[in-house]
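We call the chains A, B, C, D, E and F, going by the order they appear; numbering starts again at 1 in every chain.
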Amino acid sequence: MKKIKTYIPGLDEMLKGGILQGRNILLSGPCGSGKSTFAMQFIYNGVMKHGEAGLYVTLEESKEKLYDDMLQFGLDLKKAEQVGKFHLIGGPIASLKTYMEKVDANMTHIIKEIEDVIKEHKIKRVVVDSINLLTMLLKNDEERRKALASLCNSLSTLGCTTILTSETKEGSMDLSRYGIEEFIVDGVIVLYLVRQGSKFVPGITIRKMRGSDHDKEIRVFKITEKGIVVYPTETMFADI
Amino acid sequence: MKKIKTYIPGLDEMLKGGILQGRNILLSGPCGSGKSTFAMQFIYNGVMKHGEAGLYVTLEESKEKLYDDMLQFGLDLKKAEQVGKFHLIGGPIASLKTYMEKVDANMTHIIKEIEDVIKEHKIKRVVVDSINLLTMLLKNDEERRKALASLCNSLSTLGCTTILTSETKEGSMDLSRYGIEEFIVDGVIVLYLVRQGSKFVPGITIRKMRGSDHDKEIRVFKITEKGIVVYPTETMFADI
Amino acid sequence: MKKIKTYIPGLDEMLKGGILQGRNILLSGPCGSGKSTFAMQFIYNGVMKHGEAGLYVTLEESKEKLYDDMLQFGLDLKKAEQVGKFHLIGGPIASLKTYMEKVDANMTHIIKEIEDVIKEHKIKRVVVDSINLLTMLLKNDEERRKALASLCNSLSTLGCTTILTSETKEGSMDLSRYGIEEFIVDGVIVLYLVRQGSKFVPGITIRKMRGSDHDKEIRVFKITEKGIVVYPTETMFADI
Amino acid sequence: MKKIKTYIPGLDEMLKGGILQGRNILLSGPCGSGKSTFAMQFIYNGVMKHGEAGLYVTLEESKEKLYDDMLQFGLDLKKAEQVGKFHLIGGPIASLKTYMEKVDANMTHIIKEIEDVIKEHKIKRVVVDSINLLTMLLKNDEERRKALASLCNSLSTLGCTTILTSETKEGSMDLSRYGIEEFIVDGVIVLYLVRQGSKFVPGITIRKMRGSDHDKEIRVFKITEKGIVVYPTETMFADI
Amino acid sequence: MKKIKTYIPGLDEMLKGGILQGRNILLSGPCGSGKSTFAMQFIYNGVMKHGEAGLYVTLEESKEKLYDDMLQFGLDLKKAEQVGKFHLIGGPIASLKTYMEKVDANMTHIIKEIEDVIKEHKIKRVVVDSINLLTMLLKNDEERRKALASLCNSLSTLGCTTILTSETKEGSMDLSRYGIEEFIVDGVIVLYLVRQGSKFVPGITIRKMRGSDHDKEIRVFKITEKGIVVYPTETMFADI
Amino acid sequence: MKKIKTYIPGLDEMLKGGILQGRNILLSGPCGSGKSTFAMQFIYNGVMKHGEAGLYVTLEESKEKLYDDMLQFGLDLKKAEQVGKFHLIGGPIASLKTYMEKVDANMTHIIKEIEDVIKEHKIKRVVVDSINLLTMLLKNDEERRKALASLCNSLSTLGCTTILTSETKEGSMDLSRYGIEEFIVDGVIVLYLVRQGSKFVPGITIRKMRGSDHDKEIRVFKITEKGIVVYPTETMFADI
């Protein structure tokens, strides 16, 4: 099976080569742990280093803010756009207010819109940031599970490798908001932000990765001016 | 009473010979603890080492992904299929999207479908992976309990030995999602994934096994390239 | 007041002679702690050692499985049946599927059925295994409490000494599922299964026993090939 | 203000003389901590040592069982009855089954019945054992609070000194089931049953006693063959 | 801004002079921590030492009981009444039973009644003991918040300095029952009752006091025969 | 991107220059941690030191109280008002009582009112104190999220830099009341109030700040007579 490199420094080593093509990965972590940066590096690196078309679906940020924010980590989305391979759903042309109401009307519309963009632009890498806001729109766990399974199945069938971000509750050990998201995906990567004294120390682990061997320890990462950098041989906690 | 060998290395020693024929076992564990691999080894070994027809019901993975994933552990499902004794419900012919809607319509349909496959192919070993998604479709604990009791009773009556997987909440001590699944089954095997420093260490214990003596300690297991291997004489924690 | 011997080795010593005749006892404990074995020993010993007719009501197991399972502990239910004093409600003649629907229809039916069997066969010892499944069928705490009070009152009036088993949530300190069952009964016996290192160690205590003095410490018990054996002078934890 | 002696050995010393006449006391504690014995001693001692008429309202036990149980502690209720000053609501003449249905119909009926007995027999001491079952019959906290306030007000107006028992959840720190009962009463006495090693050690404290000074430490008590005996100068835990 | 002295020994020192005139203070603490005594001292001292008219609204106690109870702490409410400056809402003229029903009918009635008494008697100090029972009457958090904001606004506009008592759940860290009461008030004073060994040790802290500097440590207080006495220079816990 | 100075001593150093213009910041902390003072300093400093028009929306305090309270910290709002650049929504002209009912009627009215004031007075800095009361008015998480996203989007589009205060539950680790507020904003600043012995020690950390590097430790701050002062090089806890 073919593996897709994330090109996030140190991560592909933990993944023993990358993510299996066509798989859905849940990226889980608390507020401010770097989920959006991680996810954007995955798309951006695909476009700039590999020539693979990427789609970033955001329900949290406007295009302007996102573009500004990512510059901080050397991710120049205007440049990626000019290459013709970076695509965004959720920006201000479809203004947030209007967009919300559309989503509200029918969940399948947003899946349809994603599918259309994928087919039209031959997208290979997809990010949905975050899955929390999508699932919040649905009435119950059964609805959430059906919508997520439908989305994931559709993305895999179209050959896309996908990262779905999930913000976890402060101080909890949950992997997702509703406790069902991790069933549907093929892999789970967890970002930690652990208080040690007065510091919040970031850590990363691969909790599940169907069909692929992977590192099983909690490793250190840093958010630098080049984005996320993983240290695949440094452990977060001393061993007992 | 006749015991069915799992052929999972080390496990039959913990089980003092295997699982009683016709019994239902709940296999409980957190995300990424190896439940699907464990369950597939049980089916695959039945087919390849014992010539027993097996049925794997999945509501989480497509056939393609499952086949790919299991190759990693030396479980060649295409080969098992060619032997004519490996059967799968939940694959892409009945596409996930369509399948979900059918399940939604009536829970008894899926039980009927399982019964039909069992009778037609003289299935001896069954896996339902996972029971979480089945129970999530039902409205309340009474409905869940009736459906599960009906399914388990039906499988036992048909002479099948069954493993039902149950994903537990991260960091909880629950044995199942709704806290009723463990009442209905004949046995409960628990997989642990305990953080020790920066490592996640896997452990296994037999928590209940009606009608059969069994090992009562938490033992070490590893997920190797040959699948799950249990170390039936090594304990997970030092004794107090 | 007359005390009924359980004949469970060591337990009658803890109970200072046995259970008061006509009383209802809640037997509480986690999954796999030996509640069914304990309860069946109480019935079986009554039949075989004391010539007292016994009734075992199960909503969890089929007759075949139950008979097979109990043989493991030297409890030969076929022999007890031939003596003419062992009775079972919940077996396969009233198949589980059908039975469930009948229960669903009206809770008072099952109480009526129990009363009829008691009167016809002059039952002296009754077990309901488990009470969880009965209470789960009812809509709210008030319904549950009324049904349980009605059942307990009816059994006491008929002169039966009763054990109601209650499976507690893994890792909780609850005595019952809804937190009301312990109000209605005359006594509460608790089975523990405490992890110590990699072992699960069984313990037993008498938490309440109206009208009767009793041992008040947590004692050790073992599940042997002769069933439950209590060590009434060994304490589970070292004293502080 | 006049104080009513409980005559429970050691308790009146903690209460600096007794309970203020006409007040409502909540007696809170877990299953098996001795609440019913405590409450019955209060009534029985009133009748036998002080010539005060007492009323015991039970929704948990039949008259026969209660009479039998209390004999164990030297409380001979038949004798108290013959004195003509011991009264019981909840016994088998109004059988439990029928009684429940009557309660169900209208909560004010039971308050009315209690008032009638108090007036007819010039009752001075009242016990309601337990308040949990009364409050469980009501729909929400507002209903519960109104019914309890109404009952307590009525009992105080009639000059009765009252003990309301409240069974607390195993292992919790709650003072009552719904967290409102303690607002309405004039005083709260708490019984503890604390595990120390393999023992359950009983303790007692006075948590609130409006209008009256009282001991503020957790004291030791024992359940002896003469009922509850409090050791008002022995503390339960070593001081820090 | 003018500060109102509480005249509770030691407290005005913690408050750096007293409470700002016209402000609403939440007095939070567990059962039996002395909230009513604290609140009554505030009213009584206003009347007797300062000649300020005071209103005490109680939904928990009858006038008779309250008068009796407060005598224990040297608070002679009959004398305060004779001075013509002490007023009470919630006593037996409007009997509790009737009163409850009136409240039930319309929450604005009770606010209106309080306003009328304030205007008629030129009340300067108000106590509502407790706010729990008022908020419990309302359907949801929005209703509760509106009613409380309306009450607090009305009292401030009329120039009254107010203490609202709030009973917190045993063993919790909550400041109020619904978690919204502390938003609406201008200040929060917390009473603690901390178990140390077998003793319950009282402590007091000022958690919030808009517009006014204040002591920020947990201080010791005692409930003496002269009521609450605060030790404003003694800390409750040793510093780390 | 342009950064807006808060002029709160020490904070701009933690923020590496200030807050990005046009961004929404959640200011989270428990009762009495100084959120309102912090937020008002942000507005006041903008007006007095930078000549930027500011809008303070309060749903908790009347204008009179707020003006009085802020004087304590040297924030003279009358003076700021005379400068013609300080604006307030929620004061007594639109009396609290009336205002609440208006809000109740339609959430979009309050957003509209804020937008009108911003446009008319060319507001650059906005505070909503607190967001808890706004979100409490809405029915469910989806409604809350839509209203917040709409408000934040509108404020960003109008070029305003905004602080939304959020009171967290005592003793919890939550960042907001409903656990969704932190998704919608661009940054999260957390105020702590940690008990150390008998003291409550204040601390501050920047948990998330999209598009901007920032200090990542928990720093000490004090509430002085000049308002909040941050010590950007002192850590709150000793490092492990």
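A few points about this structure:
Just so we're on the same page, a residue touches a chain if its C-beta (ideal position, glycine included) is under 8 Å from a C-beta of that chain, and two chains touch if they have at least 3 such contacts.
Keep in mind it's a predicted model, so treat the numbers as computed, not measured.
Common neighbours of subunit B and subunit C under the contact rule above are absent. Fewest steps needed to get from subunit A to subunit E, stepping only to touching chains, is 2. Judged by shared residue numbers over all numbers used at their interface, subunit D and subunit E contact each other through mostly different positions, with under half in common.
Per the C-alpha superposition, subunit E sits rotated 60 degrees relative to subunit F, a value rounded to a multiple of 5.
Each chain gets one centre point, the mean of its Cα atoms, and the points for subunit C and subunit E are 52 Å apart. Subunit A and subunit B have centres, each the mean of its CA atoms, that are 30 Å apart. One simple way to say how far apart two chains are is to compare their mean CA positions; for subunit B and subunit E this gives 60 Å. Taken residue by residue, subunit A touches two or more other chains at no position, since every residue touches fewer.
In terms of which chains touch, the assembly is arranged as a closed ring, every chain touching its two neighbours and no others. Ring order of the chains (start at subunit A, first neighbour subunit F): A, F, E, D, C, B.
Every residue of subunit A that touches subunit F in the complex is listed here, in rising order: 31-32, 36, 60-62, 65, 68-72, 95-97, 100, 104, 130, 132-133, 136-137, 167, 169-171, 195-200, 225. Of all residues in subunit E, those touching subunit F in their complex are 1, 20, 22-23, 141-142, 145-146, 149-150, 153-154, 156, 172-175, 179-180, 182-184, 186, 188, 203, 205, 207-213, 216-219, 235-240.
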